[in-house]
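Shared chain: chain A. Partners: chain B in the first complex, chain C in the second.
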Partner chain A sequence: MDKPQIILHSQKSVNYTVFDVKWIPTSAKFISLGNHARGTGALDIFEITHGDITVVSQNEKPSAFKCGTFGASPTRERRHLATGNFDGYIQVWDLEKLDKPIYSVKGHKEIINAIDGVGGLGVGEGAPEIATASRDGRVHIWDTRQADLPVASMEPAESETKRDCWSVCFGNAFNSSERIVGAGYDNGDVKLFDLRSMSLRWETNIKNGVCCLEFDRKDIEMNKLVATTLESKIHVFDMKTQHSEKGFASVVEKAHDSTVWLGRHLPQNRDVFMTCGGSGSYYLWKYNYPEQRFKTQTDKTVVGVAGSLALLQNISLSSQPASAFDWSLDKLGLACTSAFDQTVRVLITTKLNTV
Partner chain B sequence: MTSEYERKLIDMQYQMRENNSYLTDYLKDLNSWTDDIKKKEENLKTTANSTSTIKELPPVRNFVVPPRPKKKSKKNNSSTKTSSIRSFDYRAWDKFNVDEACAQIDNEQQEKEDDNNNEEDDGDADEEDEEWQEEVLKKKGEYYKDCGNYHFKQKQYTEAIESYTKAIECNPICPIYFANRAQCQLFEQRYGACEADCTLAIQLDENYLKAYYRRALARVEMEKFDQAREDLQYILAREPSNADAKTKLAEVNKKDEIKRLGRIYPLQDKPIDKRSTKPLKRIEIQEIDTSIISISETTKKKAIIIEEMDTDPKSSESIIPSISSVLPSPSTIITATTPLSVQSKKPTTIEKPPTKSIPIPTAIPTTGFQFKRDWLNLNNQIEQQAIYLKRIPPKSYKTIFSTGIDSSVFSRILLLWSNETTIDEHLLNSMYEIRLTPRFNTQLSFLGSDDKKLLETILQKLENKCSSTDKVQTILRDYKID
Partner chain C sequence: MPVIIRDINWEETDINLVLHIPMKGAKANKLDVLSSDQYLKVSFPPFFYEVFLYDFVNDDKSRIIVQNGFVEVTLTKQNPRKWNQLSHPQSENKEIMKALREEALNQMGLKQKQRTEANSSLLNANKREAVREQMKLEGAERNRIDTIKKNERDKISEEMKQFEENQKIQRQLAMQNHIKPNEIQLREENNGPENKKMIFEENKVIEKKKTIFEENTSKNVSRTVEISLEPKLSIPLRETCRIAVNFTSRVFPTPLRESQTDIEEQWLRKQVESRQVSTDLQLDLSEKEKDIDYLKEKANQFFQQGNFQSAIGVYNHAIRVFPKVATLYSNRAACHFQVRNMMKCVEDCSRALELLDPPVPDNLLQRVKAHVRRGTAFCELELYAEGLLDYEAALKLSPDDEKVREDAQRIRNFLEKNQDFS
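What follows is the complex of A and B.
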């Protein structure tokens, strides 16, 4: 019983559907983004105090929010939240002045499904950039210094059918010029775009719609990529070695008995991640590396070798799917989560330092 | 069974207790942490207000200056082509609304009219649009150049060349694209294309030294050494400290030399250990002036003329100066030989071409062989032989003439002695020593009449001069002939 324990610390119910929760860096607060029944957006700030969650502020905005990120916040002092909403607007908010966004652009024709930021919070090099994925099949990259137009954009060709892009993530940002954007689509496509050479680096199809895509770390040379899909599948790709035909090696795990909505890596340990399922269950995994991460084949090419996943712990907290999950950057094991049962919860995971 | 069950129970209870303790520890920790972090947050807020350190950020990706919104909208209207629906795209045709399309076409026509009316505005707008277009093209060019550089680093030279070509299409006045393409072509060994590209780059920018260097490299490979040298010298004139140019120039010169003179190889049959370790160098052969031989031939003819004129001293005298004038170095031998030969009526000596005076060997002979060799070399040059003989110390006569004196040598020596004007110590000594050579008496008895006469004159001179000493007495006694 040396396994880490996942314990519910506290919970709070709200009167709107919560789509995303995110910790505010360098604080004991977190924000929740959601959609009121009347169609307006909700942006609430909560704080944990001595075993309870207290509401700090509640804001209502004209349009419902779908997702948000602090990843492109320039510094830790000035916390800028980038959000995507149901009307296709990308907005950046300064938490000190929430009455008006500091940057707003109608980036997409349809709902923005996912958003990710890189280069902010003093982590990594290069300019802070935001990536958005939308139902109109496009992935746009934004820089807050340029208004109206995306800095880069990945679109399907004109005659091709547009597939919903469900998730987006940044990775491989180990210097100021290198960036890779991963995009997951509803038909199971996973595409990696290299922003430096503006080309498609790799693509594959994992048969089921990709709900969440995440690199284990954004600011290092790409190491692992987790893709969680419909039909309770979790794919972990080893991104160190790319073969010209076979691409990247991967390991597949089945869990949750339902759609796996999210996969989130622990900021303090990149081999540990939590997956959240459609049945309200949370699974804590550890990735074990193989003895040799690559092997040379008979035709002298090098192909990667995937490792194995070990389930550390699991817990079921609600009957509804978990819509959001976020590890705290400042405290090991502290996490906030939300589910479609209109509650926000704070979880504690013990013994993570001995994992 | 029960003990196991109990044990398990105990274990579980222990675990639960442990977990609880962990949890309580964690919660305590959490509480303290929340307090800490709240304080930190407060500090951050205050510091954020006071200081604002802005990090140096790289420029926005793919940055292009957007045009003014008014113009942009106009431009969009004019440039948006109604994307024609492909014939196989059935879904799109299903959605195609005919009435709407007609209305749109009507609108476009109206807009065009509007545009024509607003020509004054358009004048400026066009210019701005052009500038904007140029900027876009420049950015595109830079982008293709970056692609090219990326391919170049990956050693994919054909792709790099393609990228640079695209860059040139976008922006044909930037010399950097040409020079980069030239470098790729160097690696692809397309030297002609490389040279052409470098020339273009230089036309765009005279001071682009890289382009000169690459052109020189291409020219070297094409064996156009003179032109390569020109390029390198131009670079060195601009940048004297350029080490690459210097080494390349040395290489060019060496290759040029090899081309002109051909490679130099050692002899085939020379053993390897005896061959030279230093690199072989070609030495040009110089022909020495052969004019002496021709001169001697002409004088030969002149000598024949003398003979025909017989013993006419005047004519011979007149001819002698002419001979001496022809010869570059008039030697005293000629003057000596010709009167003698005239007197003795021996045309052979006149006929004999007066040879160039052979220098007296500097080394004093120590053996008979050396003496003989030198003596024969000197041949009939009496003066020289006299000087040569005088050099030899008389004491060494014994070793030199250890096998006896030759009769010809002896007669010559007698002649030399008779020519001596004064009887000196050296002469006495030499005479003294010579009589000690083996078979001296036989030589004496076999002397010719002329030689005997010479000897008599020498002895008489001796007697007259100083007959008192023992040495002289012995000489007189031994050399006496009856």
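What follows is the complex of A and C.
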């Protein structure tokens, strides 16, 4: 009874497939992005009132949405939602005026699998930028001040056959010039690109397609990186110490007995994260640091030491995979999630302040 | 030979009757008693004593004690009165004695049964009690946990309500605050950075929420926010750059899974082997005739033209050079089918399926085609059961194929109809 409990606060059924849910910063509302059966995009706004989820507004757009982020929204009050859709378009919407996007570009030839934003919401320094990962194997970085062309792109080399890029994340943005973009591919590749030096910082292959990649915080020097993959594996890399040959130290955990679709860190505690599985289960983990985070080897090089993962709690909410999960920045333990059984749910995790 | 004891002593009161039977040196643990309401037999081998009592006694209340070399039997009379004699007058009658003995045995048996029944029913009752207690305890435990959970939930609903109300209050504050900064801007437009800072800070405090009728306030916000955006705009745009990426090589287009790596490797090795020209050929072949794609092209041309025999000829040659390429067998099977050579078609399909092992997603389509072709050939040969087997296999591999499903259903119906006749 002293463990954190994951409680289902409320749930709502919708009539489209939900691919992403995100809290609207500084409010008790969240948006859901999805795909109607007729192939059009759904962008709904929900609000939590009196222990129930009510629909505030429903919008239908010509093309189905796959992912979205508020990460590059200029302020917490003026919310700009950046979305990626099935046709490869990146669009930025002002939530006050949803009839037309304020920025739209056909950034990719195929579906945009993942999107991440940094530099917005008054958090971090540097220009607000959006990263998109697509099935055409490219990762593009966009700035809303530049139309049509990405400000940076990571594309397959001339002779390479492309691999699906499944996930992308920002990190290491502790001052206005440093940025790192992490990308996960379907052949198990994890690559880190340094945007300051415009080079590949590190790459590895974790033997299973990478479904989700997330740094524990975007706006600090990179500390930990969670990669969730097919075949129920969760990798946590310690990003403090990079060895020239061995790269970063990692700990691997097997859980969910199915594809682990998502890994999301708690905004209020960077060592706690939730993973969502293909069996509709949610596992809450805590990362414990080792005694010494690095050790010196015989040839005087320093190599990192990975810690261990402790499972705090788990719950199974549906039989379908969880497609999205988002912690609220304003209330500790509040989260919204969606699954492929066409429902959006609001969860509350208790006792996180004692973890 | 059991010895009857006759020299016993006995005493009586109105209620009780006491018999003293000498044990004559026999061991007490060999004592055996058979008693009923009117009959008593005490035996300790090799001695025994029996008596047909004068009147009835209460068998349940009788007691036996062994002490001082005597067996002391205390019997409680049913009718409290003095007997003056121990045995019944009819004691000497052998028949009656026999009957009595049997009766006594039966009574013992009955009593034994009753005792065991009583015991077992008591045991059952106890067990049931125990289970009920256990359930109660567990129920109590569950209730305790439920109440704790419910308390947590209620606490959280409270907190959520608080949270919502806070948001609402802040929204209202924001609405009120919007009027102030706007006025300040209009009045003090020339004040420069100080002014901007103040408005910027005010904006940080505001937590705004949009509703349809707040159009006015949204206009206000857009004006104030423009000012706050300036500090961000001063950061220069990144120079457009490109990084070339190399991927860990993977032959298959499907995502990498650890569990599939072994069979994928096996399949790749087989593909490589099959591509190698068979070296034990003595024939002197030209370059073209060793090129599998050229041969396939040629055969395909013949097939299109309807010249199936020539196509078969080309495939025969190709198979001699590349004996391990599954598609050659598969295509030759198609040719055999066209010339109605069903047995050969079946053989070629089977050979193709053998070569398409291990089953990876990469060769799925080829396997489905081979199964369907073989199934059709079986049906043409009127071997419908085998044909159905192949169709079902194809359906399992590719459950979305409607045509395969319909064909399988048709064969099933046909089979059922025919079975009714046979």
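In the analysis below, the second predicted complex is superposed on the first by the 355 of 355 C-alpha atoms of A that agree within 3 Å, B and C clash if a C-alpha of one lies under 4 Å from a C-alpha of the other, contacts with A are read in each partner's own complex, and residues count from 1 in each chain.
The rule is simple: contacts are C-beta pairs under 8 Å (C-beta built on N, C-alpha and C of every residue); 3 or more make two chains touch, one makes a residue touch a chain.
Small disclaimer: the values here were computed from a predicted structure and weren't measured.
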> With chain A superposed, do chain B and chain C clash or fit?
Replying inline: clash
> Which of the two partners, first being chain B and second being chain C, lies in contact with A:Asp148: first, second, both, or neither?
Replying inline: first
> When the two structures are overlaid on chain A, which partner does A:Phe193 contact: first (chain B), second (chain C), both, or neither?
Replying inline: second
> Where does A:Val123 make contact in the superposed view: on chain B (first), on chain C (second), on both, or on neither?
Replying inline: neither
>> Which partner chains sit in contact with A:Lys207 here, chain B, chain C, both or neither? Use first/second/both/neither.
In response: second
>> With both complexes overlaid on chain A, does A:Ile7 touch chain B (first), chain C (second), both or neither?
In response: both
> Of chain B and chain C, which one touches more of chain A's residues?
Replying inline: C
>> For A:Leu98 in the superposed arrangement: first (chain B), second (chain C), both or neither?
In response: neither
>> Contact-wise, after the overlay, does A:His50 reach chain B, chain C, both or neither (first, second, both, neither)?
In response: both
> Looking at 219-227, 255-263 or 345-353, which bit of chain C clashes with chain B?
Replying inline: 219-227
> Which residues of chain A are in contact with chain B in one complex and with chain C in the other?
Replying inline: 1, 5, 7, 9, 26-28, 48-51, 74-78, 126-129, 141, 143, 145-146, 149, 151-152, 158, 176, 195, 198, 330-331, 334, 348, 350
>> Per the contact definition, I'd like the list of chain A residues that touch chain C in the complex.
In response: 1, 5, 7, 9, 26-29, 48-51, 74-78, 95-96, 122, 126-129, 137, 141, 143, 145-146, 149-158, 160-164, 176, 185-189, 191, 193, 195, 198-200, 205, 207-209, 230-231, 233, 330-331, 334, 348, 350
> What residues on chain C touch chain A, complex-wise?
Replying inline: 145, 148-149, 152-153, 156-157, 159-161, 163-164, 167, 174, 203-204, 206-210, 218, 221, 225, 228-229, 232-233, 235-248, 250, 254-259, 261
> What residues on chain B touch chain A, complex-wise?
Replying inline: 15, 18-19, 22-23, 26-27, 30-31, 33-34, 37-38, 40-41, 44-45, 47-48, 53, 55, 57-63, 66, 83, 86, 89, 92, 143, 147, 150
> In the complex formed with chain B, which residues of chain A make contact?
Replying inline: 1, 5, 7, 9, 26-28, 48-51, 74-78, 126-129, 141, 143, 145-146, 148-149, 151-152, 158-159, 176-177, 195-198, 330-331, 333-334, 348, 350-351
